[in-house]
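In this document, chain identifiers A, B, C and D correspond to the written order of the chains, with residue numbering beginning at 1 in each.
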Amino acid sequence: MQVNENKEFQPLIVAFCCNWCSYAGADLSGTNRLNYPSNVKIIRVPCSCRVNPMFILRAFQRGADGVILCGCHPGDCHYTSGNYFTRRRMTLLFSMLDFLGIERDRTRVEWVSAAEGAKFAATMNEFTEAVKKLGPNRRLEDLRCRKQ
Amino acid sequence: MNNDTLIPYIGVVTDIRQDTPDVKTFRVVSPDGGKVFEHMPGQCAMLSIPGVGEAMFSITSSPTNKEFMEFSIKKCGCLTTWLHAMDVGQQITIRGPYGNAFPVETDLKGKDLLFIAGGIGLAPLRSVINYVRDNRANYGDVQVIYGSRSKDDLVDYQEIIDEWMADPNIEVNLTIDNPQEGWDGHVGFVPNYVKELNPSTSKTVLVCGPPIMIKFTLAGLKELGFTETQVYTTMELRMKCGVGKCGRCNIGNKYVCKDGPVFRFDQLGELPDEY
Amino acid sequence: MLKISLDKLDKLFEAISASQTLYIPVDREDGAAEYKKYESGMKLSSALNTLRSAKDFFFPQTENLVDFKMEGKNIEVIDVREESEDFVIFGVRACDARSFTILDKVFLAEPVDSYYKNRRDHGTVVTMACARPAETCFCGTFGIDAAAPEGDAACYSDGESLFIEAHNEKGQKFIDSISSLLEEGDTAKLEAVRAKTREILKKLPLAHLTTDNFGGDKLNEYFNSDKWGELSESCLGCGTCTFVCPTCQCYDIKDFNTGHGIKRYRCWDSCMYSDFTKMAHGNPRLTQLERFRQRFMHKLVYFPANNNGEFGCVGCGRCLSKCPISMNIVKVMKALEVK
Amino acid sequence: MQEAMINRAKQLLADGAVNRVIGWKRGEFAYDITPAVFETAEELEKEFVYDDFTAANVSKYLVKESKKEGKILAFLKPCDTYSFNQLTKEHRVVRENVYIVGIPGGPKLDAEKIKAKGITGILGVKNENYTLKIDTVYGEEIMPFYEAILDKCATCKSKKHVVYDELMGEEGDVLDSNRFDMVEKLENMTAQERFDFWRDQLSKCIRCNACRNVCPACTCEKCVFDNPNSGVENKAPADSFEENMFHIIRAFHVAGRCTDCGECSRVCPQNIPLHLLNRKFIKDINSLYGEYQAGEDTTSRAPLNDYKQDDCEASIVHERGVE
């Protein structure tokens, strides 16, 4: 995202949402007319466990300023245990990104059920605000992909 | 700065012909009309869709065709699948011409010619055959032996029927691997058909096709009394630059893109068996 | 010969870098040397050779060849080439200097590679004679005299002063640009230093390695040698030897989709990689044996066959010290020679 | 030791217990040792070597070798046995086809460390009571043995062989190592400092793939980075992102499977401390999910193939450490 002199920096957020809970949660927040920032781009995945660490990195490469991964609450996974694996995987990945000096607040995992439309909207608002404070992603950006 | 061969030209696809279930022939012209560049029969060009891939293809149209170039391309990998899916009017990038050519103006001049092709192997030879037809006075007898898996897999079948077979100055022999309804021509593999036809050993042979066909055809020709110096073929290996610099298409010290793709069999014999 | 006192080297570097970009080898924290753009205060490394070769200046690991903009069915080709700035590479060793001659034979042959030529035209190579060759050095095998390097201009040190001499017009122009710092000097001591270096070169463990048994006419002799299996057995198929080699020039062309256009890159490639010759319908070099053989046959047989007997190796010794499993051209030469 | 190993290998060859031996072969110089397979007693006599420079981990070669006909004798150092065990666990080697002789390990020497001292023209290296006497073209040089050992040996985790058919020499113990010190040091830096540190290191990468190809845990038939259709193939590293990407994914893919053999850092031509990335994962796994040593056994579940219902949440990363 570019910083425009007149406009406040608007971060681009990529949200990976699991099909069964979080995506439905996002839907619910929509039908309930709850506001969340328009710069959150949702990518629907069959299960949070589908998200390969590479997806997270690619999102940053292609211009994301923050990446959030939403899945069913632990214990509620449609495939029984997918989100447990996600949790370990993402904990390690985020820790590694932090180790490499990439701001840790650009990444997050949040459990949002199909009934938590309000939580979805609140999470997105809060996360967007947090990323906005950090400014544009510079440490894990691919300069070639920056929009001219 | 001067033009660099690695910077391609734009070509526009003006016609797409479905030749066989997996071969299409693409007609390419420059955006301003006319050919993108001149070539000699047997030379190749690098075609690319940026972001998809770039690969070497032999130019199937004859240099005597002054309006356009044609490429017969078999669906095989990533790029060719993309090319097969595109529509007329699509622009592609093109650079070349690359490689040597069949020696149509030197060694082949005045000779009796025998073309042997299998499947998509007709692509590079079609350029020579049409070149020879357009300069018919310069060559002796011309015979074409072409075979494919089935009638439907014969590339440029319509042109063969309408033009080549109608041309009294050349002899065309077609064959398919297995009997098929609606086919009353010869059935059998190309190498065997060549032996059956027993062509005169005075002819110079240009052969192209799958490696296994080339191998058996060459053996058959030797049985008939042909020598390796009489037989030409054209090769293909992975290429990136097209000008002998990127270093991958070599057989021994010869680069297929620059020193080839046309080789005479006695020249190939001196090179290591790594193709 | 013109000279400058060694303690005035920084003045010399300041003077050069005032008019054009200067690159000198400097020591890194881990003890290795690498070329860096000169900035005030940098010290010239005394290391024998830089970890990466100097070929990067003319043939960088990755370079943007051309850009494309795709719109509907249309493609726009954008030429991204820019005239290179003038630059000087200082302190190139004799082996690396010779490698440029070898790269020239590839890239300046028709059709000329304009990317390479552009940088070659604008770069001045100032070499530095070696005083302390290492055990891995075998430049002598390829007729290179480490005490008298090639290049546009050459430098020699006698321990007190740095002597500079031009080898061609470009070198002369370089010396003219710094002539105010130079003075005429007596080379008697320098000759003694050189003679000593040559003595050491003769004593190096690889001094007796010769190319007598190699060359363009040896194709059939070596191609089917039964040694290749044994030699390539431990090869990891990585590209370390290729990438530290000053003469390896194979490249790949890769497209990158930026989301708003396509950038086409040229990047170093290695014949040791499994996908080097892979095509949609097969691969002529299926196992590591063939890939390994290709690299060494190219340097010892194919290259001389195409270039009047010049070998594709300069004996810099980088592959000897960098190969993860210590398999290298010297071992290959020695193994093949044994009849 | 070398003599005893050659004799034992000859014996096993003669008995027909094995038909090949994998070990190390003498080089041109004191230090350039190549892993090699020997088939006859004569070859062993002539070229087999085991000394201070035989650091290469030969276990990865066994992926291929163990699938060939007959049994192969492998001399494995303690760290190599962990790699071998991990490969067995992942069904990458045929255990029955390998006869393992456990041999004492390092510390092994790093020729680069000797050269970094400015010592050049090395003709021979002798270890006399932990002082290296280095014979060079320029005369004899001396340096302490421990200043020239490989980084991976300086932080050795274990002298114990976790798998073997027979053992030569004494069995060692798992060590109380200081291997996480550097990781901890980095963790205690600020994010900016860490970023600068890694940018400095990773920007040296020349994408030679040596770290990947030498790694005993990297045994995929086709690597995602070699697959042009994967969308992440980055042979032309034109942007710093691609360096980060390659190294994060490389380390992540071996997370929970990396035995910390240290080969990646040993072979890196640019001396990038790649093992620190692997160790960061190991350290995190140990502290978050309980102590785990990959390769210690062949039955336990790998941490990333396992979970507990009460595992910590990913937010733990945000709650701890230095910003």
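The working rule: contacts are C-beta pairs under 8 Å (C-beta built on N, C-alpha and C of every residue); 3 or more make two chains touch, one makes a residue touch a chain.
All values reported here derive from a predicted model rather than from experimental measurement.
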{"item": "C-D compared against A-C, more contacting pairs", "value": "C-D"}
{"item": "Chain whose average C-alpha position is farthest from subunit C's own", "value": "A"}
{"item": "Computed distance of Cα centres, subunit D from subunit C, in Å", "value": "30"}
{"item": "Whole-Å gap separating subunit A and subunit B, where each centre is the average of the chain's CA atoms", "value": "53"}
{"item": "Subunit A and subunit C, separation of their C-alpha mean positions in angstrom", "value": "46"}
{"item": "Overlap residues in subunit D, where contacts from two or more other chains coincide", "value": "228, 238"}
{"item": "Shared interface positions of subunit C, touching two or more other chains", "value": "252, 256, 263, 266, 269"}
{"item": "Touching two or more other chains - residues of subunit A", "value": "142, 144"}
{"item": "Subunit B-touching residues of subunit C, taken from the complex the two chains share", "value": "65-66, 68, 70, 73-75, 77, 79, 81, 83, 106-107, 109, 111-115, 118, 216, 219-220, 223-224, 249-253, 255, 257, 262, 264, 266, 269, 271, 276-281, 284-285, 290, 294, 297-298, 301-303, 305-306"}
{"item": "Complex contacts: residues of subunit C adjacent to subunit A", "value": "256, 258-260, 263"}
{"item": "Of all residues in subunit D, those that touch subunit C in their complex", "value": "27-29, 31-37, 56, 61, 111-112, 115-116, 120-123, 136-138, 206-210, 212-214, 226, 228, 233, 235-238, 266-267, 269-271"}
{"item": "Residues of subunit C that touch subunit D when the two form their complex", "value": "30-32, 48, 51-52, 61-62, 64, 132-136, 200, 203-206, 230, 233-234, 236-240, 242-244, 252, 254, 256, 263, 265-267, 269-270, 273-275, 320-328, 330-331, 334"}
{"item": "In the complex with subunit C, residue positions of subunit B that touch it", "value": "1-10, 50-54, 76-78, 80, 87, 89-93, 236-238, 240-241, 243-250, 252-253, 271-272, 274-275"}
